[in-house]
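Note that the chains are named A, B and C in the order they appear, and that numbering of residues resets to 1 at the start of each chain.
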Amino acid sequence: MMRRSPFLPLICIAGFVFLYAPIVSLVVFSFNESKLVTVWGGFSTKWYGALFRDPQILGAAWVSLQVAAIAATVAVILGTLAAYVLMRFGRFRSRALLTGMVTAPLVMPEVITGLSLLLLFVAMEQIFGWPAGRGMTTIIIAHTTFAMAYVAVVVQSRLTGMDQSVEEAAMDLGARPVRVFFDITLPIISPALVAGWLLAFTLSLDDLVVASFVTGPGASTLPMVIFSKVRMGVSPDINALATIIIAIVGLGVGLAMWVMVRGRNRDKAVQRTE
Amino acid sequence: MTSQVAATLQKPWLDQAENPFVRIHRVTKKFGDFIAVHDVSIDIYKGELFCLLGGSGCGKSTLLRMLAGFEEPSGGRIEIDGQDMAGFAPYDRPTNMMFQSYALFPHMSVERNVAYGLLREGVSRAEARDRTAEMLKMVQLERFAGRKPHQLSGGQRQRVALARSLVKRPKLLLLDEPLGALDKKLREETQFELIRIQESLGVTFIIVTHDQEEAMTLASRIGVMNDGEIVQVGEPVEIYEYPKSRFVADFVGSVNILEGRVTEDEANFIRLGCPDIGAEIHVGHGFSCTLNQTLWYAIRPEKIRLTRERPEGRHNNAKGVVEEVAYLGNLSIYRVRLDSGRVIRATKANLSRHEDGAITWDDPVWVSWDDTAGVVLSA
Amino acid sequence: MPRAQAPGMSAPALWRWTAAPLARLGLSGRTLVILVPVIWLLVFFLIPFLVVAKISLSEPMIAQPPYAPLGTWDGLRLTLDLNFGNYAFLLDDPLYLNAYVFSIQTAFVSAALALLIGYPMAWYIARSPEPRRTLLLLLVILPFWTSFLLRVYAWQGFLRSNGVINNFLIATGIIDTPLVMLQTNFAVYLGIVYTYLPFMILPLYATLVKLDDSLLEASADLGARPVATFFHVTLPLSMPGVIAGFMLVFVPAIGEFVIPELLGGPNTLMIGKVLWGEFFSNRDWPVASAVAIVMLVVVVVPFMLLRNAQARAEAE
């Protein structure tokens, strides 16, 4: 065993303070009576009331949720297809091209992705008349495109870790390739699909830059509204919004943990009955 | 005459008129520049338990995967039950495979794992349930039908894999290192279990293994592979007692190989001059060779006698000193350094618990053997 | 592997309905499955860059959209008006060159800082016993699931002159006048390290957790002190994680827009901000396109090549 120095736990604690202090302060000041987000003026929940009466924020949140849900779903389908094709189809003509196009969005600066997609949509509208104007549809397409790259990475790593002889066994027992995919591969990689969907959903919900480029009049996502408010200066209702988001994420993660732990305990219980 | 018929019934490969059930004809498999399997031809007969034996990377698994349909041969032909298998996908072949990793579907219960192949065949749910239950009973896993694979022990998983590959009643069962993941004791029990099941169902088995003891125990015949080629096919006794090459002699069991030149070549004996033992080897049967030809003499350690006194006769003995003794319980292995410097391995069964005056370290001894104990090899 | 054959009766109905007509067109199910992601990415990822390249070569003009057509087609021949003026403009004005240099410098410094903080954290997490390890790892990932924009906004509240840090320092009497922290390059470094720290820790953790304890014990057994063990065994074996983590911070930080915009000052000219300004404030689409193309060629392409080379090296 290596000798443990106190240096490591200390730097780790400092690191977590660094990660969480701003988040904690967001939550604390969301309950602040004062309009100044950094001076405590007594407990109040008035900013939550203000938040729920703000039609702009509510509308943007609805737009963002729809965009994120649709984009994440399409991204999971396309990303899984891309990953499956790359991992299981051996050689094919467009293989190198697909590999490049799947990994490139991961290192592409958002400003470039946003600008290039906007210019594409403008050019397409000029040539084909579609998409007529920009808005939710164009944001969904843009988010799907960059999110599917992340999904593909997640699914690819799961496919690599999966014992391929399981798929061969199904084939050996008489299942054709499509059947093998739906009966065996899909259920086994389903945790990766869930993880990929959540990742895509979060990325979409979080995106300001790409959406700002490809949106049109009438379709403002939540980050766009937050950004314009934040640029104007402090606004405690944004703290309230942050607190709600943190609460939802915290609940979600807690739930996921609970399900996982319960599953593990059940397995242990079964093994004990031997 | 009757015994002759019985013999060919049990050993169909001896019967010229018998048609092989699996015919592997001049099969080659290349991966890029690498030749994994080179020009292999084997005939396997109905009801056999055939073992493909070889070290890792010798091509035995590739050959098995070509039988199952996961790899297409680069050249040659595979016939099963008279039908050319070229172009048949794994799901269209009358074979089933038991995978080295077992490849159980982790998200399905034991019962669903076993029933999977039947349902793909279009068997009705009721019939699939009955046949699955019957199969699970045979491998003594009825109690575990509802379990998921990760809730089973290694031995139980192995039996699920076996049940799953047998439930479709394949004409040919392919087993890839089926006992590789089990510990020694379980492996020995399971070997006999496999033989029992194979005999009761009458299915033809082809087993891939790197474990020569396993091959000896299980097989009706063994095919020894090396570097993608079949080097010898034969019954276990044949492979052990009459290896055709130094490779086979050395790979299967332990052996002393002595190099010598032919000094006498008669109809009923030959003699080899062997500088390694400082004497001549007398071989008690004829061998087609020429004078002065270099040959090899392979002799198993258990066929060598160790004595303190000089044995009678001028041939097949040499003097040396015991350099090492390894006690293995049932037997002891001796390493004897001969006066020529050559080391010979000999084993001795430990017949009694304590032996006074037993040969031990640094004792001067004579090694000797009968003139029919070893094999002459020309390759 | 056998090729995917046309599925028969046992295949899902959906597949039969879509595959059958396409099979008549000579497309196998296999080809179809390959084509779906390939075509999507061609149309929405690759072709857009060609459009950007095209527009970077055209004249800006006040119109909708605000650029001149690249060429004219008079029915007989195509006249191309290639205009390299936009690129010449980028070279002329030192603002652009400075912005590229500053972006790369900022990204590099931030990534290095993130590595210094992230490595000990990743090491500590990877060496923790099981229930604690998962919990700590979760704590690292958790901020990622909350809005990035809101976390940057939180730092505004921390760093401003009447913000949390200054209030605390003044209240405890350490300083009298508030420190200027917001709208400085320091704030930008801080913001980048803060938001990208999880991306540094995760790949580091992934390599460190696989590190066999017995290697460290062997090194100690052979007489190496902890520091020597770190430099001779731990660090070399975790290099893939170091490189991956560094890239995951460095590359996106170069094009970062939100952090310099919200935390940086007017002279924090990062290239993402410049491109945004050209596009949204100046409405100069051709120059914005030229900025993007240069960024692509100078920054993104080298890193993609590096990444590929690394992936190939790992495969061997």
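Here is the rule we use: a residue touches a chain if its C-beta (ideal position, glycine included) is under 8 Å from a C-beta of that chain, and two chains touch if they have at least 3 such contacts.
This one's a predicted model, so the numbers in the text were calculated from it and none came from an experiment.
Both chain B and chain C are touched by A.
Seen from the Cα centre of chain C, the chain whose own Cα centre is farthest off is B. Centre-to-centre separation of chain A and chain B, using mean CA positions: 55 Å.
Taking each chain's centre as the average of its CA atoms, chain A and chain C sit 15 Å apart.
Taken residue by residue, chain C touches two or more other chains at 1, 5, 10, whereas all remaining positions touch fewer. For chain A, the set of residues touching two or more other chains reads 175-176, 179. Across the assembly, chain B contributes 69-70, 89-90, 120 as residues in contact with two or more other chains. Listing the residues of chain B that touch chain A in their complex gives 68-70, 89-91, 95-97, 99-101, 103-107, 116-117, 120-121, 147, 150-151, 164-165, 168. Of all residues in chain C, those touching chain A in their complex are 1, 4-5, 7-8, 10-12, 15, 29-30, 33-34, 36-38, 40-42, 44-49, 51-52, 55, 65, 117-118, 120-121, 123-125, 136, 138-140, 142-151, 153-158, 160, 162-164, 167, 194, 197-198, 216-217, 220, 226, 229, 247, 251-252, 254-258, 261-262, 272, 275-276, 279-280, 285, 288-289, 292, 295-296, 299-300, 303-304, 307.
Across the complex, chain A meets chain C through its residues 1-3, 7-9, 11-12, 15-16, 18-23, 25-26, 29, 36-39, 78-79, 81-82, 84-85, 89-90, 92, 94, 97-98, 100-105, 107-112, 115-117, 119-120, 122-123, 126, 141-142, 144-145, 148, 175-179, 182, 198, 202, 205-206, 208-209, 212-213, 223, 226-227, 230-231, 234, 238, 241-242, 245-246, 249-250, 252-253, 257.
Interface residues of chain A facing chain B in the complex, by the touch rule stated above, are 163, 165-166, 168-176, 179, 183-184, 187-188, 267, 270-271.
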